[in-house]
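Here subunit A shows up in two complexes: once beside subunit B, once beside subunit C.
== the complex of A and B ==
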């Protein structure tokens, strides 16, 4: 029915060149003395693509527990993306060499003389930190791979057994994500400034992941369609994807405001310390750019129905929003670590390297499985969706 | 004026959608479709256009601007009162602006819709098929004055073939 995806030679060459370029920039960054900056960039990109994958697989789980019909033809895209979690697990492991450069709380002397850090020490210490990292990734990889395996088995045997099993696994996965992804964001991003805390931080990062996960799924679906695969993509499907992006742009803006306005209004120094460098000094441009790109632009642009159903317009939105997520993570990480506010070859090179790796992992994973889950009970409803 | 309509009544939305396609293939102009639930696709199939969303956008924008103007005038121009060390032109405006944008947008859209559709509280129902508010769907075709009996008969047959459970004529 749908033909098998083939990874082109040109794509592979460009991918390897970009990965080599990324590796080169990272090595140059580390060797020329820009330690902190390079590690910060590695953290940013690790988190970026990991969260996109988590968001996409969360969407997959959502479709399963709500038994959504329209999306049944697209479940293979997030399923293929879930393979990136394994790659991401390996890439995160390298981050442990840079812990001292990034995280203040890893310095034993500093903790001993700081009552607040001493108080947080039972949670924020390297052994427990490592255990959490391994445990969380193990859970994510196990559950997402299980969903994928069940779905592939469904292709062979059909019936409702696997469908029900996927639904159950998805429930478990969503429950697990609620706890693990929140703690993971707190561990790796919020603890960059261990004195500061915000109770909505993890929610914001989760909404970001979900939001941009959908954006990437939409982009992949449209690109596959333009390349001649996945011919079932119609305007109504694109309209539904656009609705997802539109709704999540509002939720993202809402969570952003919930964090910002409470801190601004309460005006307690230990909380406002987070926003002082971000809004008053050199990061001002990024601060407003983050809001415009991630909220105002998709909100106003996708409001127009004709735009929301146009493939090229949606692809444009996807590109802009991928930049938007980068800006958001840049704003979360840089002011607390490298404290640089310009974009140089390190930022560009690292991102391109990771992006190429991410794209190649997805392309290879998609090429190994059928593009459409042919025995999905809702597939016909999805194709006939109007 | 003689304004009779031919009405085909359906009991399933998928049958209705296929019937619309079939009728349009035969170049029959459908005047209106009645349905108890919103069906995706009917709007596009009938090539209807509406300016209501644009009106909503304008009302929303007017709501935002006027609420901001009001808040600005009261707390900055007319009665500037500092409290809690906050600036006069404060961020907390946003919450009220957000809520009232939705309120103004919704309320005026409803009003516009009611005026355009000449609806008012207590108006008598003028549905051709009363059960379209419950479990039936109806396609309404305007009967041309110079339509011959044969044409009408053909149309009736076509409606029956597309799965209409009932065909009737009414004003």
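== the complex of A and C ==
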């Protein structure tokens, strides 16, 4: 009933040009001596698009375990996104060349003279770090690909068997994500400052991933609809996507506040050290911008029902929030690594390159599968949703 | 569109609208059953014992409790947090599931909300008597006073608690009451007793069930729900800040606010499960609170239990990762091992391990086991608060001040008194209020049934 997606030639050309531009900036950055900054940017963008994908597939799993009906027409979008995890796995592998530039705990002599780092050595060491990276990605790729495979099989055979299997796999996936994604965030982001810790850190990154994952799904659904595909997208569906974004903006703000207020209130130097450069010095603008863009803007903007059901307004929200995630990650990474607070060609170029690659992987994946899971048991419920 | 072929039938037994009214109001018109009197008698006994505990505490002082200089918070705060947690069930059910448009909510929300009210009442007693000088209790309200420049400490989370909990109580009550208005009108119309007609007539605010009334009713429910959802989260976050804004190892950890909220919803759902299984048994409500409903609650509990397990693991891992010797001591030497290891491992077993049994369909289908597991959850959540409060206080930075804590008989009496109060409240609810939201069940009846008379329309 829904026609097959065709990737346009223009899209491909723009995509390749942007990827080439990204590659060029990365190489220039590495060769001109800005290597710490370049690695920090690579880390940022690797994490950015990986977490968006994790968030989107988490949403997919949530739809399965909660037996949500309205979203049945959109399961193919996160399923297609899950292919990016494979690409991401390869991209992360390059990060190992930059570990030394980014992570203080990889410096053997520094660790030897630092009792705290020595204490963490059984966890923060390169071999174990690598094992975790490989293991986590293997689990994510296996489980998300399995969900996709089961869903595609459902298109052919129908019935409830695959539906139930998807539900079970989703449960396992959520179980796995709870542990693996938390540790992954601690490994790659929190350990940038190996002395600092916060128990909510992984939760915050998880919420961020979920939040922006939905933003990307919403944006893709609207773009497909505007291009003439996925014609089932109604105002009610958009309203529901908007509610997701709205609710998650509150949750995101809540988690942000939980971390900030407790550290601010207790005022322990070991903890406030994280916020000192972020709020008192040059990063001040980003600090407030992060909050305004990720919480205040969607919260106030989407409160208006007519806006929440308007395709262009939602697309605008999506663009703003994608910038919001970039700012959040910039604030997580930069003060601990490159310690730069301006945006140059390296930031722009790397992001554009990754963005183009991400978009192309999704487009290519979507073009290979039917856009709607036609035998999904709740599809009728989703289409008639009002 | 609700597809009964995929989703199953929500209300069993081919009920018509009049069946629904009759079934749910029937227990209120029957003679008060014997079990009601027996339970009420026992609960009153517990309440009287609790009043003795209250009298003891107020007339003599907090010294009647097992507290000491180091462990300055004991059972009182544990029970307070426990009851507040249970009080989250009603709101979690009614509000989150209302916003998420979950139709199965309708058979359960009324009882869950009633629980909230009585649990919050029980919780509120603890800070009150913990003041020691209860006659100065009004000092907690920030009003233009005669005490000169003496005001509440607005920086104190204990003051935030007062604000949060009283707001929560009022919001829950309004939400619960508004939901009951159409049902009170139904009773008014059906009853034969003149007194009941009068009383329920007043309670129903003269509801006549016209379209305009319904429109406003639904809008009010949705608006209140939308506003109360963040309120639920804020209440337990603030309760968690009673602990986490301090610098005590094991208390000061940034994950506390969401972790407490999740824990509260967990214990609340556990209590809902306990109560629903009892209710559907004694009132023969199996057509309304079906096995499917219990299955849904059980599955939610599995999910929340997983979050709890992750939170416990995160705390332990971070205690190690931090390399902070005080954190390490509190978690590894005073919780996982040491004097309080029994409490710690009870907490882990009841909250993170036993509910994982719900992964198996055969266990979710066996209502007896489900009931037992729900009791374990209630127990486990009590122990969680015990672990948090007592372990961290008992051994802090100065070994010279280390102390142990044992509750006295007065504290036990006070706790059992609040249980008596809660049970009496629930019993009154069973007797005088329709325990299932009649109007809401009717609202979802048509599209979730296969009854012929509906489909022919």
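Just so it is clear, the second predicted complex is superposed on the first by the 386 of 386 C-alpha atoms of A that agree within 3 Å, B and C clash if a C-alpha of one lies under 4 Å from a C-alpha of the other, contacts with A are read in each partner's own complex, and residues count from 1 in each chain.
What we mean here is this: a residue touches a chain if its C-beta (ideal position, glycine included) is under 8 Å from a C-beta of that chain, and two chains touch if they have at least 3 such contacts.
Small disclaimer: the values here were computed from a predicted structure and weren't measured.
Student: Following the overlay on subunit A, give me a clash-or-fit verdict for subunit B and subunit C.
Tutor: With subunit A as the common anchor, subunit B and subunit C collide in the superposed model.
Student: Under the stated touch criterion, name the partner, subunit B or subunit C, that contacts more residues in subunit A.
Tutor: It is C that touches the greater number of subunit A residues.
Student: Looking at A:305, would you say it contacts subunit B, subunit C, both, or neither? Reply first, second, both or neither.
Tutor: First partner only, subunit B.
Student: I'd like to know which partner A:224 touches here: subunit B for first, subunit C for second, both or neither.
Tutor: A:224 sits against neither subunit B nor subunit C.
Student: Examine A:321 and indicate which partner it touches, taking first as subunit B and second as subunit C; both and neither are also allowed.
Tutor: Neither: A:321 stays clear of subunit B and subunit C.
Student: Using the touch definition from the top, say if A:265 reaches subunit B (first), subunit C (second), both or neither.
Tutor: both
Student: Now for A:50: first (subunit B), second (subunit C), both, or neither, which partner does it touch?
Tutor: neither
Student: Could you look at A:236 and tell me whether it touches subunit B, subunit C, both or neither (first, second, both, neither)?
Tutor: first
Student: Given the superposition on chain A, at which of 55-63, 109-117 or 127-135 does subunit B overlap subunit C?
Tutor: Given the superposition on chain A, subunit B and subunit C clash at 127-135.
Student: On subunit A, what residues does subunit B touch that subunit C touches as well?
Tutor: Common interface on subunit A, subunit B vs subunit C: 261, 265.
Student: If you look only at subunit A, which of its residues touch subunit B in the complex?
Tutor: Residues 236, 257, 261, 264-265, 267, 303, 305, 386 of subunit A touch subunit B in their complex.
Student: If you look only at subunit C, which of its residues touch subunit A in the complex?
Tutor: These residues of subunit C touch subunit A: 1-3, 6-7, 100, 230, 233, 237, 241, 244-247, 252-258, 299, 303, 306-307, 310, 313-315, 318, 321-324, 359.
Student: Please output the residues of subunit A touching subunit C within their complex, sorted ascending.
Tutor: Contacts found on subunit A: 65-67, 115-116, 119-120, 123, 160, 171, 174-175, 178-179, 182, 186, 197-203, 250, 254-255, 258-259, 261-263, 265-266, 268, 270, 377-378, 380-381, 384-385.
Student: For subunit B, which residues count as touching subunit A in their complex?
Tutor: It is residues 17, 40-41, 53, 57, 84-86, 91-92, 94-95 of subunit B that touch subunit A.
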